[in-house]
Every structure is written in structure tokens, then in C-alpha cells.
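The structure appears below as C-alpha cells.
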Amino acid sequence: MSVDAIVIEHVIVMVLLTLLIVVAVGIIILNDLLTAVILSGLYSLLSATVFVAMDAVDVALTEAAVGAGISTIILLGTLSFTKRVQKPQEHNNYAALIIVVMTGGALIYGTLDLPSYGDPNSPANSHPQLAQHYLTESQKEIDIPNVVTSVLASYRGYDTLGETAVVFTAAIGVLSLLGLRRRRRKEDPLLTDKQQRKQQNEDN
Amino acid sequence: MFFNNHFSVLLVVLPLMAAPICVILRSSKASWLVALISNLVIVLLSLSLLSHVINGNVVRYELGGWAAPTGIEYYIDGINAILISVVSIISLATLVYSKQSIRKEIAQPRHYLFYAGWLLCLTGLLGILITGDAFNVFVFLEISSLSMYMLIALGRERRQALVAAFRYLILGSIGASFILLGIGFLYAATGTLNMSDIAERLPLVNGSRTVIVGFSFITIGLLIKTAMFPVFSWLPNAYQFAPSAVSSFLAGTATKVSLYIFLRFFYHVFGTDYSFGNLLLGNILLPLAVVGFFVMSVVAVFQTDIRRVLAYSSIAQIGYIFAAISMATEQGLTAGIIHIINHAFIKTALFISVGCILYRYGTANINQLGGIMKSMPWTCAAFIIAGLSLIGVPLTAGFVSKWYLISAAIDSGWWLIAAMILMSSLMAIIYIGRIVEVFCFKNSEAEGVAKVKEAPFSMLLPLWFLIIVSVYTGINGDVVVDLAKFSATQLLDNLPGLNNPVGNPL
Amino acid sequence: MVEWLAFYNDWAVIVIMMAGFYIMIARYNLVKKIIGLSIFQTGIFYFYVGLGKVDNGTAPIFLEPKVIDESAANVASGIAEQTILYSNPLPHVLILTAIVVGVATMALGLALIVRIYEKYGSIEEDDIQAIDSQFICQLDDKK
Amino acid sequence: MSITVDPIITILPPLLAIPFIVFFGERYRNLREASIIVAACILFSFNFFLYQQFLEGALLQSEKFTFFNGLTLFLKAEPIGIIFGLLASFLWIVTTIYSIGYMRGHNEAHQTRFYTCFAIAIACVMAAAYSGNLLTLFVAYEAITLSTYPLVTHAGHAKAKRAGRIYIGVLMGGSIFLLMPALIVTWWLTGTTDFVAGGVFNEVNISPLFVTLLLCLMVFGTGKAALMPFHGWLPNAMVAPTPVSALLHAVAVVKTGVFLIIKIVVYIFGFDLIAQTNAAEILLYFAAGTILLSSFIALKKDNLKARLAYSTIGQLAYIVLAALIANARAIEGAALHIVSHAFGKITLFFCAGAIMVASHKTLVSELAGLGRKMPYTFAAFFIAAISIIGLPPLVGVLSKFVIIEGIIDSQYDWLIIVLIISSLLNIAYLLPIPFTAFFKEAPIDSVGANTHSVIKEAPTACLIAISITATGCLVLFFQIEPIVHLLSFIETASNTGE
Amino acid sequence: MLKRNVQQRHRVVQVITKFLIPMILLFAFYVQFHGDFGAGGGFQAGVIFASVFILHGLIFGEARTRLVLTPNALRILMSLGLLLYAGTGVVSLFLGGNYLDYSVLLSDPISGQHWGIFSVELGVGITVAAVMVSLFYCFSSKRNFVGHISHPISESELDSDG
């Protein structure tokens, strides 16, 4: 690949990130929550593209499935129970703005010494026992083409165990708050009598 | 003493596996039993771990059999071995207590979820304490946080509990995101996630702005998680409205574990010289801590709900601990660790005794609890003893803490801070004395209130167990002091690193 | 100009994070706060994944199963093969975990919002505060 | 030196009495009170035993209990402690007899709680008297505060609770805020909190200002010594039942405070250090001010117990003053004054309580003509008042005399004037009380009958107690020699330390 | 009532969905078991698998989906998934390795790794799928409550809550 290809790669990411900023600002401004939710779905799809452009296909797949899929569905579910429109806020919150600007400033200060984007010799990409080890040794040790999977499930399998536990925790949390069973049910015309009875048994 | 390295992993895996088993069993009693048994085993394991580590061994355990920076490892030295024991003992005590208490607070069908959440919270806390990997800290922090949000939302004043849980969720997520960002910056600078490895590589990039920003974001995130002075707003509501068993458990453990992360990062990963020498962390933390414990003690005096008094007092105590550890001396660190341990037991005991009162009277409002000493003498006696300990009366654990805090401050030449600590102790006399006076000498206004039985035995048992522990550590203070001194010197002296001769990787 | 362009990605990511952060702390609407949280977190994800990007690199999936052979000829061809650069897989793994954590937090937060709406009839922070303080006033009046 | 006796035996009798007190409870009150008297007698005999052993040269020390980090708790008997122990245990017997009469006559509630806390307080006082180092004394001091708090708030009404708040606030607040840091600093500087003859600071180099500060912290931190401006708790604490005011707030508790100051002066700082640094001078002004001011306030108080309380504050300041002069003679005077004031003031309080039980009168102005109805009580009051004022042939004069000797030995001669003025003021506020009672006519009510016609003499138990202590004032005047002899042991100890 | 009409009217969608479901299922299995070779793995597969049921629920009404995948089954499945993951580690403990050390699972370390990864990915997949479906259930089964909320909160409700 040539230098031009690198430039194009960079430019793609830049454009996508700019688009993301636009969407995020849209979410800040809009009072209609439904639109905000739809925008956040769009946002997730865009970010999946960003991840592809950054070579993180697994992340992209997950972001698409989770961000655009599950998150949007539960957000919509929530909106269907609550209000669709946010109460307009009369005054801007300047304290919050100051905090945000300060935090952002600190972060920008931190990026000044950051290795440049795509640098193969950055500490993160050149650590012999981590990044390099995974790319060079995993074939020998685990022999799975997708390095992400071998890192995820084996080298850092313990993290993934924790991740599964997080999902589980969230599930029992939601269960404890909302409950799995329907507490009050109208008759569903699509169900036969037999099915209705079965469901009642199931619920009791 | 016999300790097999493999046992260390069971500390985390056991509650992690017990949680889904609870969910499968779905019965209140069975899941309580599962939780209790697994917790009991954990206590035994943690004590044997402690006795192993206290001989100067550092336990390192490579998960998945991958050598340290490549894979994730456990890194257990004095400080986390102590805290693992403290957390598991407190969890056991509050678990015994919870059986009765949640009967009145949580609907029967949700009990199994409660215990599952409890076990996951314990998993998270122990996971944070035990791990030697920076990112792994974040993962387990989230396990514990999510389960805490859930447990808090189960509180008896459902409405406020929900809002308290939500506010905690928002603030906690901000904190966790900051920590994640901070770890990201560290990763960018060093290319590694293993704490010992980071510590080894940091000197190479010491002046880097990336590291400074990583450092400050981790600090801010942890300050939120520990409910340090300016960012404490989640704590009072959470402790007040959570189920009483949960607030007892959290009061003793949650903020302490965040404090541990703080110690681990700033003494071990960044190194004392860098954190407190180059970046002057002490100069930032100390004023906050001092203002924090002073203001919060004053605020505690004006609360009407006892749980709120205790919550503000907790924030004040966190201020003490921060003041002590930001002195960055061995004395100060020792004092901080002693106070972490002692306060964990004291505050849990206080919250449990308030929980007992809540169980019988249905309120923790100080104005409605006149003269309950007569009907609940054991509970009130426990409250008084624990309260005296909080004040720092001799022969209680609190005295040992105060002694060390003040002598550490004097040792560093910070006379003013010693005076402030003492002033804030006076506030403790006021807010505890106020409650005790109502318990003992105020005549109950409502007639029906007086005719209440003492709390059930299964609630008094853990309460008095904790009281005895805190009195014992007050009388025979060397137990805690020696542990704290050992771990403080270890934190300060042990130059960490993967090839550290003290470590004995398996 | 070009020097500053090198930072464009980092700074854009920071702007995104801060947009999310601003929503979280400045908006009263609880659902908005949760959306803000997810925007903030995605910002962090870009930051992490960006760290692992290698110029000219490709996704860390070995396209052809490599033959592991220690013979000299294959080592030579292996050098040629290794001109394929792979991006660093570690940030991807971390972010996979973080995404899951994010969605878990979001689900729990939204469940709380649903319950709060049931109890308060509002999902605006200031309304909730007003109702709570009114409730406390009532308690005081009773005494 | 072969014999070793553990002073811990003095703590046990009151503690062992508690199960009996609780067990017998309200149902068998005679047995309950009998058990207390037995315990008190045993306690006194133990103290006496210690006294004898001390004279024979036995080592009176308990095992050292390691607290934490090399800090130890232990008991060790020394002359002033023995005197204090003997005094408190003897007066406990008397007070118990008195309180039987008083509590029953007054129909007080919660008597079991009262006696239990009382016993605990006495045990703590014993621990304080025989404490082997400053830390032990501090621990005992705190324990006394806590165990007497329920006694102060005994009545449970708003005034009692307010008194309790002030009590805890001043005593505990003072000790935690001032005394504890002083203790920690001492330990931090010297690595010990032990009482060493001649002081512990000999090895370390500290500036005079620092010594002054430390001494001020300790003296003001000892709120129980009621040095102004930390005196407010004492008049408030008078809301407690009279036996409490009598034994605890005229003898045991407040004397623990001054005892602590004496110990600090003698064994922590040492005479030399105080003399060299002139550290005590500012405190002497405070003490002198307290003596005069409290006497003036006492003059204005119409409530009998309040007047006695301010008198106590003044008398305590004598002891503090004597201690701070820091020479051997003055210390001896201070120790003697502990004893003489104890007998005098406890009698006065007993009388005040007896008057209250018999006539329900609490104000001085109401006492007119009561003397004829209660002759024994007021006679005892008169004797005790004379003793406090310092006239022969009562013990009060001895201690004042020795204190004045101590002042003459020192550089602060002007203090003699303070003492003389104060003695005159004593006369002015104490003597009018028996005089009104004996010589003024009782008021006549609207019907023309004497309002005192129904009043009888106090209960017999009260009278017995009163006569014992009043006799004590007289007897000690002639039998002071054993105490002086015992005190001579301190001097030699501090001399060898120099 | 509106909902019913919508469901009855959209036969076309329902028919198409019936065709789509097996394909999505197939894709989910592909992602699950092919994750070693291409992008994807347990988590993604779990989400896709769950999306089958979510789609079914959206189109045919969530009540019918509950008949296919009952809440009880979900509860047990999500627990079993987590147990499978953690249990794999325990098995390697018993076989003498460290926790989650898959190399000891079989005599050949590499195929041990393969089987270990397969097993834990399966665990993740099961848990995630079950969790996602139950999240969907939770967030849709509360719908019937909405009509019963009074705005703003009445006094009586305030009292009952305290």
C-alpha cells in the first residue's frame, strides 16, 4: 500500500468522526426524544463504520448489533412507557459547560504527547509481550485465525468472564425492577385458548 | 499455614458461580443458604490467604496459565489480603443479618434476585481487590457497581430508592468512564495493562502529558467512586434508601474498595514519588479531605434520619482516610489503612443496628424513636458502643484510628490538620450523642411505640459479632496495627515489577 | 496545518466524548442522560480502538492459516508474509468488553427510568426533585 | 521488695458487685444495697491493704498490658494515688449509706441503673487512682465521664438532658480535643507515657513556649478540674441526685481531674522543667481568677447546690494552683486539700440533700428557721463550712496552711492575697446558711401557722452518713500525720529523679 | 386495540418474517461457531440469536414468543451460560491447570485451547441471548401499566408511598 492509501484511510475516519459530531450535537439540541433515539441508532451505525475503518471488525459487528439493535429497541421500549418529548430547558447550564470544557481541555492536553494515529511503533502497538505476542505467538499457542477471539477467550478470558457476569448482573437487575412475567394481561387475539391456559400456568 | 495458590481464584469464582445457582434455585431460603455457604468458604479462604501473605509472600496467580503481562494475573500482597478478609467477613455478617431484615423490605419473589445481586456485588468487590490488571479492575468495578445500583433500587422507600439508584448510576458511570479513560491513557503511554508492568514502564515516560492526564482522570474517577468531598452527592441518598442490609454491606465495603484502588494505583503503580512528589497529589487531596471531613461532620449534626447521619459521617471518615494517605508517609499510610479496617467494622455495625430499629419501628427518624433503649436494649447498646468507637473513645477501635491519624499528622508537622481532625471528632460527639440521648432519655411520644420486642436473634448475632470485633481490636490494637504497618511498608518499599523477587509466580 | 491535522482524530473523539458528557450532566431528562452516557462511552471506544490502529494495517484476522515450519526457506517467505501488517487486537478486545458493560448499564438505567416514571409521572430531574421536596414538606407537616 | 501486689484488686469489688445489683434489682432492694455496702467495705479494706503494703515497701504494680504499638496500660500505686483511693473508697461506703436514705426518701426511679452506674464509676475512679501511666489515666478518665453521664441525666427531663449534653460536651470534648493531642505529642516526643519521677522530657529538647502550650493543653483538657472557663459543666451537673453530686461531683470525678493535673506536674513535666520554663505562670492567673470569680458567683447563687458547686470550683482551683506552683510543699498541700475538701464538701452536699429530702427546699432564702427542725443536719453543715473556710480545729486549716507554705517557697507571693480574699469570701457565702437556718424566724403563712410545722429531721441513714463525714473533718485535724508521712514518699521520689 | 389491528393487517410482514427467521438463526449459528475464523463470537452471536426472538415478538406479539421461549427457561439459560463459562475454568482447575487454562483440557494443548474457547464462547452466547430476550420481555411486558398512571401524582399515592 502506498502513502496515498494511508491518507485516504485517515480522511475516511476524519469524515466519519465529523459526521458523528454532527449527530451528537443533534441529540443535544433536539427536544423530541423519539428523534433522539433514532439519531442514536444512526450514531451507532456510523460508529460501526468508524470501527471498520479502524480495522476493528469485531467491534464494528458488536456495535452494530448492540448499539443499533438492542439499545435502540430498549430505548424505544422505554419511550413507549414514558414521555416522547423532553421538557424544554429554559436556561443553559453554564456550570456544566465549564466542567465539560475543562475536562475536554485536560484531555486535549493529554493527547499532545499521544503517539500519532496509526503509528506502528507506539508503545501500545509494539509491546513485545502484549500486542506483538498476540500477533506472532497466538498462531503457535492457540492456532485460531481471529486473534481477537483468542485474546478475548483465552489470553484475557478472565475479563470476558467478568463481561458475561456484567451482562448477567444487568439482567437480574432489570428483572428485579421490571419483572419477567406480565402482571396484567389483556387477552391476546392471536392466542388460542389452549395457549392462553399454558401461558397462565407458566406465569403462575 | 497451608495455602494453595489455586485457592485465590476461588475467592472470585465461588460467589460468581453461586449467583447463577441462586437464580436457578429461585427459592428465598435456598438462595440464602447458597450465598451463606459460599460466603463462609470465602471467609475461610481469605483468612488463610491473609495468614499466608502476612509472612511476606506475594501471591501471583496467572489466569489461563498465561505469563503475566500477556495474560491477566492476580497480585495479592498485604493490603489487598487484609481488605479481602474484611470485605468477606462483613459480607458474611450482613448476609446473616439480611435474612430477617429483607423479609420486611423486599417482596418474597424477589429474594433470590437480591441474593444473586449480593453475590455478584461480592464478586465484583473481591475481583477488584485481588486482580493485578488495570483493565480487569474496570470490569469488576462495573460488576460491583451494577449490582449495587440494583440492590439500592430494591429499597423500602421504593420511590426515593429508585431515584437514588439512578443518580448513583449516572455519577458512578461517569466515574467508571473516567477511570476507563485514564487506563486508556496509561495504555497509550506504556502499551500494557498489567499493573506491575505499568509501574515498571512508567519511569520511561514519566514526564509525558499522557501519563499526567491518565493519572488525573483515574484520580477523579476514583474520587467519585469513593464519595470524596466535592463529589459525594450520590452517597447519602443511596445509603438512606437502600435496603438496610445493603446499606450495611456497602457502608463497610464499597467505598473502602475504591480507596484500595486508589492506594494501589498511587502507591504501587505510579509510585509514591511520582504521585506525591512530582504531581503533588497530596497538595490537592489534603485540602479537599480536610474540608470534606469537617463540613460533612457538621452536616451530619443537622440530619434527622439516622441513616443519613451515618452516611454523612461516612463521607467524613473517608475524608480522614484521604487526609491520612495523602501525607504519603509510612505513618500516614498506616493510619489510613487502620482507619479503613476499623471504620469498615464500626460503620457496618452502626448501620445494622439502625436496620434492627428500622425492622421493629419502621422508621429511622430520630424524632420518632424516643426511649427505645427500653424496648431494644441490645440493639441500642450496640449502637452506643459503635458510636463511641466512631468518636474515638479509648478502648474502642476508633481510638486506635484516631491515635494514629493524629500522630501521623503531627509526625508530618501538620498541626493544623491534627486540630481539624480533633474538631471533627467533637462533631462526632454531637451527632452520636444526640441520637444516644434520644434513645435513652427521651420519652416515647406514641404509646404503641414502646411495646416492641428486641430485634430477632439472627440480626443481633452479626451485630454483636462486629461489635466484639471492633472492641477487641480496640483493646488489643496491635492486631490491626501490625497488619496495617506491614502492608503500608510493603506498599511503600516494594518496588513492583514483574521480576520482583518477592513475587513467586506459579 | 498538517501537524494539527494529525491531531484531528483525537480531538474529534474528545469533542464527541464531551458532547456525551455534557448531555449527562446538563440535561434534566433521564433518557437523554442515558443517551449521553452511551455517546460518552462510544467516544472512549474510538479512543481505545484508535490506539490500536496501525497504518496500512488490516483487521487482526489471519487470512490464510500460516504454516508453522521452522525451516529456513519458510522463514524467508515468512518475512515476506509478514509485510501484511495487522492492527493491535488488544484494544478491540477491551472495547468489546466495554461495549457490553455499556449496554448493561444502559439497560439497568432504562429499567430504573421506567420505574421512576411509574412512581413520579415524570422523567425530568427537576420535576422529580420538586415532588421529593414536596413529599418531605408533607412529612414535616404531619409532625 | 519481695512482695508484689497487683492494684487491680481495687477495681474488682465494684465491678463484681454489679451482677448482684442487677440481679437483686428493685425487687430485693435491701439485698441490693447490702451487697453494695459489702463491696464498698471490701474495697476500702483492699485500699487499706495496699496502703500498708506500700509502707512496708512492697512493689504495687500490675502486669503491663500492651495496647498497641508499644503503648501499655498498667496500674501502679504511688502515695497520692493511695490517698485518693482510700478517700474515694471510704466515702463510697458513707455515700451508699446516705443514698439508701436519700433515694428512698425521694422515691427516685431507675435506682438499679443508678447504683450500677455508680459502681462502674467507682471502679473507674480506682483505675484512675492507681494508673501507672498517663494513657491509663486518660482511659480511666474517659470511662468516668461515660459512666457518670447516665447519672447526670438520671432525672430524664429537659434540664437534665441539657446538663448531660454540657457534661459530655465539656468533659469528653475537652479531653479529646485537648488532652488527647497532648498525650499523643508527649508520646511522640518521648516514646513513653509512663509516670517518671522528675518528668519524662529530660531527654528531649523542647522550647519553653512548647512546654507552656503542652501544659495548657493538659490542664485545660482536664475539664474535670473545672478550671475556668471549662467549669460550666459542674453547676449544671447538680441536677443529678444528691449522692452523685456529693461523691462524684465533689469528690471522685472532680478530684480525678485535679489528681490528673498533680500527676502531670509531678511525673510528666517535673518541677524543674516547670520552674525553668516558667510554663505554669499563665495558668496560675487562670487558677487565681477562678478562685476569686467562683467565690463571687457563689455569693450570688440562691440555689443551695449551685452555691456549693461554685464553691467546689473555687476549692478545686486551690488544688490546681498548688499543683502548678510545682514545689514539694505545694504538692503536699494540694494532696492534703484533696482530702480535707473532700470531707468538708461531701458533708455540705449531704446536708443539702437531706434538706431537700426532708423539706423539699432548694433555695438558701427558704431555709430560715429550718435549723430548729433539723438541728443535726445544720450542725454538721456548720462544722463542714468552718472546715472549708479554714478555721481550726478542723482539717481545712491544715491543707490551706501547707498550700500557703508552698506559695511562700515559690516566687509567686502575691497568691497569698488571693487565698486570703478567697477565705473571706468563703465566710461570706457559707456561714450565712446555717445562721439563717438557726437564727431567723420561719415565715408565717396566711393562716398564721408556721410553714415548717410538718418538716422533720432527715432520714436516719442520711444522718448517719452526715455525722460520719462531719466527724471526719474533726478527727483528721488531729490525725493528719499518717497522710503527711505517706506524702513524704513523693518528695524523696522526685528528689532522686533530679 | 390499535396494536391488534396493526398485527392483523400486516400479514405480509408476518410471512416475510417467517422466512427470515431461519436465515437469521443460521447466521447466528455461523457467527457463533465461525467466530474463530472471521469476525464474531459468542457475544455477537448471542445478540443476533436474540434478535430472532425479538423480531418474532415485534411481529407476532410478545405473548406468543413467550410460549416459544418461556421466562423460566430464559432465567435458567442465562444462569447456565454463565455457569458453563465459569465451570470450564473449574474443570481446568481440576485437571491440574490454572483457572481458565484450556491447554490442560485435552492431551494436545492446542486442541485443548480450541475446545476451551468453543465452550466459553458457547457460554457467552447462551447467556447473552437469554439476557437480551429477557430484556426485551421486560421492556415490553410493562406496556399494560402505562394507562394506569395518573399525572401528576395524587396526594393519596404520596401517602401510600411513605
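Letters A, B, C, D and E mark the chains in the order given here, with residues in each chain numbered from 1 onward.
Heads up, the rule we're going with is that a contact is a pair of C-beta atoms (placed from the backbone, for glycine too) under 8 Å apart; a residue touches a chain by one contact, two chains touch by 3 or more.
Keep in mind it's a predicted model, so treat the numbers as computed, not measured.
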Touching subunit A and also subunit E, the following chains: B, C
Smallest count of steps, each to a touching chain, taking subunit C to subunit E: 1
Reference subunit A; chain at largest CA-centroid distance: D
Innermost chain, where centres are averages of C-alpha coordinates: B
Centroid-based (C-alpha) most distant chain relative to subunit B: D
Leading chain pair when contacts are tallied as C-beta pairs: A-C
Centroid distance [mean C-alpha coordinates] between subunit B and subunit A, Å: 31
For subunit B paired with subunit C, centre-to-centre distance based on mean C-alpha positions, whole Å: 28
Averaged-CA centre spacing for the pair subunit D and subunit A, given as whole angstrom: 74
Intercentroid distance (Cα basis), subunit C paired with subunit A, Å: 6
Multi-partner residues of subunit C (each touching 2 or more other chains): 17, 21, 25, 51, 59, 61, 90-91, 94, 96-97, 100-101, 104-105, 107-108, 110-115, 117-120, 122
Numbers and ranges of subunit E residues touching at least 2 other chains: 37-39, 43, 75, 78-79, 82, 86, 89, 99-100, 102, 128, 135, 138-139, 142, 145, 161-162
Shared-contact residues (touching 2 or more other chains) in subunit B: 16, 19-20, 23, 63-64, 135, 139, 142, 146, 149-150, 153, 158-159, 181, 187-188, 193
Chain pairs in mutual contact under the definition given at the outset: A-B, A-C, A-E, B-C, B-D, B-E, C-E
In the complex, subunit B residues that touch subunit D: 388, 391-395, 400, 402-403, 406-407, 410-411, 418-419, 422-423, 425-426, 429-430, 433, 437, 440-443, 475-478, 480-481
Interface residues, subunit E side, partner subunit B - complex: 75-76, 78-80, 82-83, 86-87, 89-90, 93, 97-104, 161-162
List of subunit A residues in touch with subunit E within their complex: 57-58, 60-62, 65-66, 69-70, 73-74, 77-78, 80-81, 141-146, 148-150, 152-154, 157-158, 160-161, 163-165, 167-168, 170-171, 174-175, 177-186, 188-191, 195, 198-199, 202
Footprint of subunit A on subunit E - complex, ascending: 4, 7-8, 31, 35-44, 47-48, 50-51, 54, 60-61, 63-64, 66-67, 70-72, 74-75, 78-79, 81-82, 85-86, 89, 99-100, 102, 109-110, 113-114, 116-117, 120-121, 123-124, 127-128, 130-132, 134-146
Subunit D - residues contacting subunit B, complex: 66-69, 71, 135, 138-139, 142-143, 146, 150, 153, 156, 160-161, 164-165, 168-169, 172-173, 176-177, 180-181, 184-185, 187-188
